[in-house]
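Okay, so subunit A shows up in both of these, paired with subunit B first and subunit C after.
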Partner chain A sequence: MAMTIDCKGMYYRKLNKMIRNAVEEGETEFVLDNINGQRYIGNGINEKVKITINGVPGNDLAMFMNGPTLIVNANAQDTIANTMNAGEIIVHGSAGDVLGYGMRGGKLYIKGNVGYRTGIHMKEYKKQIPAIIAGGVAGDFCGEYMAGGILILLGLNKDDDTPIAGDYFGTGMHGGVIYVRGDVDESTLGKEVSVLELDKKDDKTLKKHLTEYCEHFGLNYDDVMRKPFVKLLPVSTRPYGNMYAY
Partner chain B sequence: MRCNCYIPSGCAISGMMSESGERMDGNAIIKSIALMHDRSNGLGGGFAAYGIYPRRANQYAFHMMFDNMEAKEKCEEYFNGTFDVVLDEEMPTRPGAVFEEETSGRYPEYGTQPITKPPVLWRYFIDVPENKTKFVSEREYVVEKVMDINSNVDGAFVASSGKNMGAFKGVGYPEDIGVFYKLDEYKAYIWTSHGRFPTNTPGWWGGAHPFCLLDWSIVHNGEISSYGINKRYLEPFGYKLELRTDTEVVAYLFDLLVRRHKLPIELAVKALAAPFWKDIDKMPENERKIVTAIRQVYGGGLLNGPFSIILGHSRGMVGFNDRIKLRPMTCARKDDMLYMASEESAIREIAPDLDEVWSPRAGTAIVGELNEEVET
Partner chain C sequence: MSSQIPPEFTVEIDYDKCRRCRRCVMNCSFGCMQFKDKVVPDHKKCVACHRCVTFCPEGVITIKKNELAYKESANWTPEMRQNILKQAETGGILLSGMGNPRPQQILWDHMLIDACQVTNPSIDPLREPMELRTYLGRKPNHLEFTRGDNGDIKLETTLQPQVKLDIPIVFAAMSYGALSLNAHKALAMAAKKSGTLMNTGEGGLHTDLYPYASNITVQVASGRFGVHSEYLNTSATVEIKIGQGAKPGIGGHLPGEKVGDEISKTRMIPAGTDALSPAPHHDIYSIEDLSQLIYAIKEATDYTKPVGVKISAVHNVAAIASGIVRAGADIVTIDGFRGGTGAAPMVIRDNVGIPIELALAAVDQRLRDEGIRNNASILCAGSIRNSGDVAKAIALGADAVVIGTGALIALGCRVCQKCYTGNCAWGIATQKPELVRRLDPQLGAERLSNLLTGWGYELQEILGSLGVNSIESLRGSRERLRGIDLDEQTLDLLGIKPAGIGQ
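On to the complex of A and B.
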């Protein structure tokens, strides 16, 4: 039986304390009703609990999160999954700016669009590979300074005039991979990335992530795959290696 | 009182407008800005409201702040012979006011910070004597006098000087400022609001947002790094930057570009948050020529630094971000209502069911306008 909390008018400190205390006592499932703007939900929780969020959660959702699954039945605001280590976030709406800042593990599934600076400074280490998958389009600076991880942009339901991502796409990227469904306007790319065809290993990676993505949002995998993908890779893993060498 | 605790910083803005001109009391905008309480730190809050003085819509409503009664007397001497003051009265306030409604934006256990020690707050409804406008337009004359008061009448500051509108601002959290000024008793078709987290400049009553001149009002989250350049650009046109904070330049730039130079508002936004040259190069020829000219002529008006801004004026509300979106802004529509705020939750707080919610692209103006048939 999930623990249901009516969050109307409740300050975030009180709410997050309730959740943390209950997690300590062994509670594994939460339903948060009437959420609106409460910050820091899921922050720093180390257990594999499930939290369903009904309403728009506040900024800094799931910062340093390490294990839980968050389901957001609304849009989400800015700075989700900052330095997140493990777990899953499923947003049944769009998300704001600076998504997955320095994210180092776990998965982020967004049904709609994502804002500016998605995946900025995302990183990976050995088997710890974070993934962000967005069903819509992204704003400027997508994948900026990305050092690792997987970022997938689908552009589902977008019209032909809307670019899949904004300007400065992949600027400063030096690790990880960005998969894009459809075409990329190369004039919007940062200097540090190039567009490549997918190989077999990529197909396998995509299949794994998109199968899960489609399950979360009730989409047909074959429909999603009907359009070909390209990938963005960094030209150099150490673009600034020579900057201070003199 | 809060002390020794973590303050999640930010500044907050929120605005709402009925495009059909329906007037709403101030409770909703207070509730919206209260939800973002933690974005402010209690050193400034304020509101701009349009449509609040329908029975005196033809007079300039001067909302004044005086350091003391002596300053008030001096200012009234100045008014004498400068304007025809039709009515003057103390601003209705609730000293010691605190917002007491339920909100998840603030923690009752932190205690409250009632609004105390206000300056002398007075409003004047003013006509401009006909013999004063032989050589300058009426609005130009009012602007000159506002600048003169802010610079030369010791301890007197003009909070707002438009017709059928007003600014209500001070030191404190915005929701408390709203209760202090009894905004529940006013009705407006546009409300904008601001919660301040001052970074580079002092928190004082005149330095709270909105910044107003004539019917222009500006609320701003961020920092105008180009303040020095903008100030130097504005001064030769007669603007005097006396309010010790960066946001002031934005209000005066709109006055210069839109009122005096008659640019459409969208084009003025293109001057302030100008497209990058590399993007201008990609534009179709006609647009490229226009935007190139704008950048060349208004280089000194270009705003640098991170910002999200809501401009209010008699016939509308305009939101825009800096060119690389370093501050947040969410917009939404429901029927004839347009909303803009730093966070979506601040809109949902007062309008849970929305027709449309979106984040505008950087440097792009979102324009709300009164329907043509609405008279103001």
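On to the complex of A and C.
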């Protein structure tokens, strides 16, 4: 039986303390009703609990999060999954800017569009590879400074004139991979990335992530796969290695 | 293109006395010393790290400045010409290590400390208690007490988290990556031994250092390397790094060569990739955003630790510090323009920022004027060289000072300023295993603790001569400082009177 909390008018500090205390006492499932901008939900929680959020949660949702699954039944705001380590976030709507900043692990699924600087400075280490999948389009500086991880942009339901991402796409990228469904306008790319065809390993990675994505949002996998994908890779893991005089 | 840059130093060997033991060849980590039936130095490679000089059993090596390398000019100094030649050959940004070596005025040396004579007695610290203990963290506006039935006094005010220092000197943020693991261990062990803090810098915390958690400040910088909830909680305080005195406003860059297996694991990035720290935190574009990160960290650590913010001393530092305190920071660290670094573009290091003395005075005054000085402790960084500097900084308003280069010198650093090459002959700023093992953490910790003990005694002597018995009584007491050779405006900014004027 999930613990249901009516969050109407509740200050974030009280709410998060309640959740942390309950997690400590062994509670594994939460339903947060009437959420309206409360920050830091899921922040620093190290257990594999499930939190369903009804309403729009505030900034830094899941910051430093390390295990939980968050389901947001609305849009979400800025800096979701900031420096997140493990867990899953499923947003049934669109989300704001700077998603997954410095994200180290876990998964972030967004049904709709995402804002500026999505996936900035994501990292990876051996098998710990974070993933962000957005169903819509992204703003400027998408994948900026990416040092690792997987970023997938689907552009579902977008018209042909809308670009999949804004300008400076992948700028400063020196690790990880960005998969794009459909075409990429090369004039929007940062100078540190190039567009490549997918290989078999990519197909496998995409299948794994998109099957899960489609399950979360009730989409048909074959429909999603009907359009071909390309990938963006950094041209160097050391883009600025030659800039210095020793 | 072969280099046309003349050598900066010449290495002289007295071959009559040289036993050809090759110890210098083994010790040189810059490839300067070679053995071809005798020791042959390649002068161009010498950086004057003095490793060979120190370990030559016969004492027959002399390193000299290459005086005749360039025709004399007061305008086009050898350094200027060398830099231009280097850039003409490479087309790159000039990198440098450690602090600004230029001869700009050092204001500490233009301040003098008061002492008691006749009318108020000085105190003898050898025989009377002398308190150096300092607490970092937010202090309440006022305290409320109640008296119980049995007469006991009880504190009613809830205090914010505080960190106790036995001496008002902490070690500076220097990352594992810039420094070797042995250097990090020495700093952690010394911090524990001396009752103070070491600071991880932005490269994460190696698990070997977890037992020293209560003497560690963990840093959160723009690259977020090695930052996770366990890291945040394995600490006494958490520090958000916005800026560094040696390179205000620019990011960091740990070259891929330094990212080996252990660094890779601690920073959680693949081995061999550059560890790039963006110039700004991309979740902080305003004071409000900074507040959001401060409280995110407080949430993640359940409000049990002070959260600090480190900035470099820039023109508008007082207003920025005020914003930082209002954003919820419990500690503000200000790093002056002479502060050190593992690697920074020389042009930034030598030309950007302001002196710590002026920044500290401005920040302390501003926070006092606004009635929020008690809301945060001030840490003063950026080339604190001796206990005199410590006393002056505390009199100007610092709660404690931060030492980086000073600590490294105690560990053996010779300030050759080649940290960014990764070849540190003293095992401090390197990741090469054969060099790292030259630094014994245990011995290093002892040297660091000795330094702090010595400075602690000296601080007690200074306090005694001032006729006060605790560092708290000197804090912000600018009346006990006087300036020499300073213009009126500088004196005014420092909030001190010129020497020669009494009360």
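The working rule: the second predicted complex is superposed on the first by the 244 of 246 C-alpha atoms of A that agree within 3 Å, B and C clash if a C-alpha of one lies under 4 Å from a C-alpha of the other, contacts with A are read in each partner's own complex, and residues count from 1 in each chain.
Following the convention adopted for this analysis, contacts are C-beta pairs under 8 Å (C-beta built on N, C-alpha and C of every residue); 3 or more make two chains touch, one makes a residue touch a chain.
What you see is a predicted model; the values in this text were computed from it and never measured.
Residue contacts after overlaying the shared chain place A:Arg39 against subunit B and subunit C alike.
Contact with subunit B, but none with subunit C, is seen for A:Gly96 once the two complexes are overlaid on the shared chain. Once chain A of one complex is fitted onto chain A of the other, the partner contacts of A:Gly175 are limited to subunit C, with no touch recorded for subunit B.
Contact with subunit B, but none with subunit C, is seen for A:Gly139 once the two complexes are overlaid on the shared chain.
Contacts of A:Lys231 after superposition: neither subunit B nor subunit C is touched. In the superposition on chain A, the chain among subunit B and subunit C reaching more residues of subunit A is C. Shared-chain residue A:Tyr11: touches subunit B; no touch with subunit C. Applying the stated contact rule after C-alpha superposition, one finds that A:Lys111 touches neither subunit B nor subunit C. By the touch criterion defined above, A:Asn59 reaches both subunit B and subunit C. Overlap of the subunit B and subunit C interfaces on subunit A: residues 13, 39, 59, 78. Subunit A contributes residues 7-14, 36-39, 55-59, 75, 77-78, 94, 96-97, 113, 115-116, 139-141, 166-167, 187 to its touches with subunit B in the complex. Interface residues of subunit C facing subunit A in the complex, by the touch rule stated above, are 86-87, 89-95, 222-225, 227-230, 232, 253, 255-256, 264-265, 268-270, 272-276, 278, 282-283, 292-293, 295-296, 299-302, 420-421.
Listing the residues of subunit B that touch subunit A in their complex gives 8, 35-36, 38, 102-108, 279, 282, 324-325, 328, 330, 343-346, 348-349, 357, 359, 361-362. For subunit A in complex with subunit C, the touching residues are 13, 16, 20, 39-40, 43-44, 46, 59-60, 63-64, 66, 78-79, 82-83, 85, 98, 101-102, 104, 117, 120-121, 123-125, 128, 144-145, 147-148, 172, 174-175, 237-246.
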